[in-house]
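Please find the structures below.
Two complexes come next, and they have one chain in common, subunit A, joined by subunit B in the first and subunit C in the second.
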Partner chain A sequence: MNADNVVQEKVSFNIKFIERIDWEKYGLPMAFICMLIVFTLINPAFFSFRNMIQTTRQGAILFLVVSGQTFALLARGIDLSQGSVMGLASIAIISSIYTLGAYAGSIVGILMGGCCGLINGVLIAFLGIPPILATLGMLFIALGVELVYTGGVTLTNLSDIDQAHLFWFGGGMVGPIPTPVVFALIIGLLLYFLLKRTAFGREIYLFGSNAEATYMAGIPTKRIIVTVYTLSALLASLGAFFLTARLSMGFPHLGEGWLVLAIGGAVLGGNSVLGGKGGIWQALLGAMVISFLDNGLIVSGVSSFAREAVIGAVIIFACLASVIRGRS
Partner chain B sequence: MIPQGNAIPLQGAKTGLDIGFYWERYGVIAAFLVILAISSVLAPNFLSVSNFLNVLTTMSFVLFVTYGQTLVIISGGMDLSHGSLVSLSCMASAALVAIEHPWIGLAAGLGVGALCGFINGVIIGIIRLNAIITTLGMLYIAGGLSLYFTEGRSVEGIDPEKASNFHFLAEGQIFHIPFVIILALVFLILTHVILRHTRFGNHIYALGGNEEAAEIAGINYARMKMMIFTLSGLSCGVAGSLLTARMLSGEPRVGSGTFLLESIGAVVVGGNDIFGGTGNVGRTVLGLMILHFLSNALNLIGISTFAQQVIVGIVVILFCYLGLARGK
Partner chain C sequence: MKKRIVVMTVLACLFATGLIFTAGNWAIAKDIEIAVMVPNGVDPYFTAKRYGYEKECEKLGVKMLFFDAGGYSNVNKQIGQIEDMMQRGIDGIILGATSAEGTVPVVNKVIEKGVPLVIDNLDSRTKLPTLRIMKNGILVGQLRAAYIVEQLQGKGKVLLLPGPSAVALCQEEHKGFVDYAKHFPGIKVITEWTPSSPDAGMTTVEGILQANPDLNAVACFSPPLTVGAVKAIQASGCKKGSVIVVGQMLDAGMEKYMEDGWLQATVMCDHIEMAREAVRMLVKEIKGELSPPLYCEIDHYLVTQNDLKNFDRTGSSYPKEWRK
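Let's turn to the complex of A and B:
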């Protein structure tokens, strides 16, 4: 055989080696590790235990919100109201703590956030309003309600006991691990089992990939829609709860900018906007990449304004990569 | 011989009054008139020329953006980057008006908007990334950039003497009619002509009606998307530059308020199908008028600006339920 053929074989072997890696599965984790290494090289303080812990605290909160969005995306919908539902939940939590105390008040507040999702679900399932419109409307409504209620000011003045109780959830530690991380892990595991190990979870996937077939199969699709949007708002409210607890105040604009992070994180992690593909693991990956990227940029001394632009660019590029990969 | 007995009745050939047909066609106008009538009874000073001119002037700045959004939505997409693009082009034009000649600043504002739109179009058209994700990323990128260059401060130092002609664009009057309203009308006619009387416009409808069929029929998908999103970006450039002309300074957060929501909300409330294929720009104008006159009336009655967001949300959902705002 001549030399040309040998070269050809070698090249094709190399290509095969690259092809053999399941990029869909390992591409993002690998990029994530590379990112960690680069940021550590830029500033070793990035890899310090303290910084890692702080970042996972932020990441855990984002993970909750992103996994809520993941449910909406899995059912071939989208939840645009998450940001303002977070603000609403924050206000509801603090103002019910005034009367009910830290624990009961928080639960009531979170449930009130979840109610927004319930309304979304009912509008979509029973009135037949497209998800994008129903949640867009809810975005306005929740934002307006919280601003009317507070007059646009921040709610503070918690009693010392309430504040101490509340702060533990957002800023406290369980051993060496931040409290939100512990909660997020438990909730994440529950959601994982809900999606992968229960009939209802499989129905959500089925509904996302083919709504009509699901209906024909006799599965109550309306129940799926209502549950999915309620979960989405509930998880967003939980995220808002941990943020609120950390700040110890109710902030009407708490959720500003979180919508982009939620949708961006969900899609970045590998959830399809066309429904039926993705899961909690993807939500976790997306949330972690965004939080560590954000923190890494801070540690590297990038100004907060440029950071926003970089994160936006990363979301687009990561999705681009997945589209190009999908086509080849 | 064609059998006569079981001929399928044509939809248009129905005799008698078809309420559904008229409701779909004129329902929004009727709703607008009802709102106007109720407002003039309830709100003091609502029904006056100066108030109407006032509302129309404020509305005009948003109108430019909604024209672009109409094109995008009719073509079956959605542009979420609008708010930030307005801010970015406002900053760009203000910076160049301050240093160079005003008209160079105007060109820069338009150019920056069109460029960002073009980038959106390239990513959506050629690489075929989902429009929502692309423009969401661009929302973040442009928002970050407009804050980054001045570190969140506004651009000052425009000489009012030098920029008097430029200022006239936004604040001037011809026969007591604000010049912006005239500009908005001119652009309205332009957009209408593009949509209804050019091949490009026809192709926009075709693309929104059935993307696959349109492509098979020979419409160049990539080029269409690039043109549509460039125009959409350009519309933000117009709005941003005019805002600079009005304020004679560049505000990095000028578009972060309700610009995006109003631009989508107007298209939806006006009765254009959110998933594309039908609709026209006149409906969009009507939609924005409903939103603005409603909030103006509420203002005059004495309801806080915050509550108006609730109303906007309810209007979007209610119109959708009544079949006035549509989604396939």
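Let's turn to the complex of A and C:
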């Protein structure tokens, strides 16, 4: 056996190994780990304990919003109102806290955000309005309502007690773990169970794959639609809650920019824009990649202009990959 | 018969004369209607100015239509709003531009059409003559820089958050800061252009603090960015006062941060009085009492923890019960 044969055998072994890897399943996690390594090499401060904690805190909030978008995408739809719902929820939460206290006020505010999703679902399911149009309309309605109510005023002036109670949810810790991360994990597990282990979850996948077949099978499709969009808005409101809690203020445009990240994160993680494929694990991956990518670029000293371009390029690439996968 | 015709003719002439005079009176008595256009209404700065616009309009008996572009990136939306108002035949426009360059064509159209215009604070870089009431962005940046340089004794690392890059005022404040700081070689300035929102400020400052644990100061364009910066500094475990924060205005809970020692200074101006003056200038121009070009600049001053309780707030604060 000569040296050329040995090299040829090694190369063909490597190629077979690469071909055997399920890139669809492991590609993004491997890319995520590579990204962490690269950013750590550029600046070791990236992988510091404090930076990891802060980034996962932010990532947990994004994960909730991305999970909501995931439900809409699984049902072959889209929710364009998430950003506005976040702003509305932020205002509703602080306004409610003024009269009801931190805990009850927070619940009322979150539910008010969820109501927007319920309205979306009813419009889509019962009136037949396409999801993109219904949620686009809700985007403007939610924005208008919050601005009319507040006049654009940022809501602050919480009492010290309410502020302390509220802040724990957004900025506090449960042991070494940020509070939003704990809640996000619990909610994520519940959503995972809902999608993968219940009949309703399977119905969502079936509806996203083939709405007509789902209807012909006698599955109540209207219920699926209403639930999916209500969940999407509720999860966006939850994300707004943790962000509002951390800032201790109700900011009318809180969700500005989050819609693009939500859709981008959902698709980047592997949820198909064509419906019926994906899940909560994909939502988690997408949210973590975007959060750590943004943080890594900041810590590496990349200018804010270039960061926008990089994140945009990554999202476009993810959407393209999703469409190509869907067609094949 | 002839007599009747003469009487009827005289009566008709009298009636017509009366009609002409009263119609003239109707024209004079018609309400003046103005449009106020701001780039980002949810910014506490513009919320406060809205109070100023409203109160002065009430005082002068002028009807005000308020438009919010909804963000500095919504240049097209603001252009649409301006064009709509021109179509409506509005008597005058007060404009805070979303973009210094992007709004030039539509502003030129407004001026060429003879619609009275006052540019308020956020400039549109039209070369045509117009009325302007402006902050001195360069001075604002210099005031922040001067305070920080003094506190750091000419040596340290500073993060500058000048806000959205397309806004003329942000560019001027950035220039003022950087030009001042460059006279002190020991001061290193890191600039991060971000949207004017608290979560953008928070995320950016968190990341910069990780990369630069020796950061000594943060200078912020707006109240939302200041709040975000303070939250990030608190979350990073830094002690109060270990990172100097200098903001602008005292809205969105900033006063409490200053009382507690997280915010050391802020650049103030009487922005509500500025809004009132913009309305006065526009009404005068509508009535023909003032002609462009005219450039007015308002004063700026630095408020620190030490003088927080003692400065005159009449031109910069609105009653708590007002919330529109």
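Annotations for the structure displayed:
By definition in this document, the second predicted complex is superposed on the first by the 302 of 328 C-alpha atoms of A that agree within 3 Å, B and C clash if a C-alpha of one lies under 4 Å from a C-alpha of the other, contacts with A are read in each partner's own complex, and residues count from 1 in each chain.
Methods note: a residue touches a chain if its C-beta (ideal position, glycine included) is under 8 Å from a C-beta of that chain, and two chains touch if they have at least 3 such contacts.
The structure presented is a predicted model; accordingly, all values stated were derived computationally and were not measured.
After superposition on subunit A, the partners subunit B and subunit C are seen to clash. When the shared chain is aligned, subunit C comes close enough to touch A:Ser48, but subunit B does not.
When the two structures are aligned on the shared chain, A:Asp294 is found in touch with subunit C, with no touch to subunit B. In the overlay built on the shared chain, the residue A:Leu143 is in contact with subunit B and with subunit C. Contacts of A:Ala306 after superposition: subunit B is touched, whereas subunit C is not reached.
When both complexes are overlaid on chain A, the residue A:Gln58 reaches subunit C alone and has no touch with subunit B. Shared-chain residue A:Thr40: touches no atom of subunit B or subunit C. By the touch criterion defined above, A:Met249 reaches subunit C but does not reach subunit B. Using the contact criterion defined above for the overlaid structures, shared-chain residue A:Asn210 touches neither subunit B nor subunit C, since it reaches no partner.
Of all the stretches 26-34, 188-196, 206-214 or 242-250 given for subunit B, the clashing one with respect to subunit C is 242-250.
Shared interface residues of subunit A (contacting subunit B in one complex, subunit C in the other): 143, 147, 151-152, 303, 305.
Contact residues of subunit B toward subunit A in the complex are 78, 123, 127-130, 132-134, 136-145, 147-148, 151-152, 261, 264-265, 268, 274-275, 304, 306-314, 316-317, 320-321, 325, 327. Within the complex formed with subunit C, the subunit A residues making contact are 43, 45-46, 48, 50-51, 54, 58, 143, 147, 150-154, 156-157, 171, 243, 246-249, 251-254, 256-257, 294-295, 298-301, 303-305.
Subunit A meets subunit B in the complex at residues 78, 123, 127, 129-130, 132-134, 136-145, 147-148, 151-152, 260, 263-264, 267, 273, 303, 305-313, 315-316, 319-320, 323-324, 327.
Subunit C meets subunit A in the complex at residues 40-44, 46-47, 50, 68, 70-71, 165, 192-195, 197-200, 202-204, 206-208, 210-211, 213, 223-224, 227-228, 231, 234-237, 251-253, 256, 323-324.
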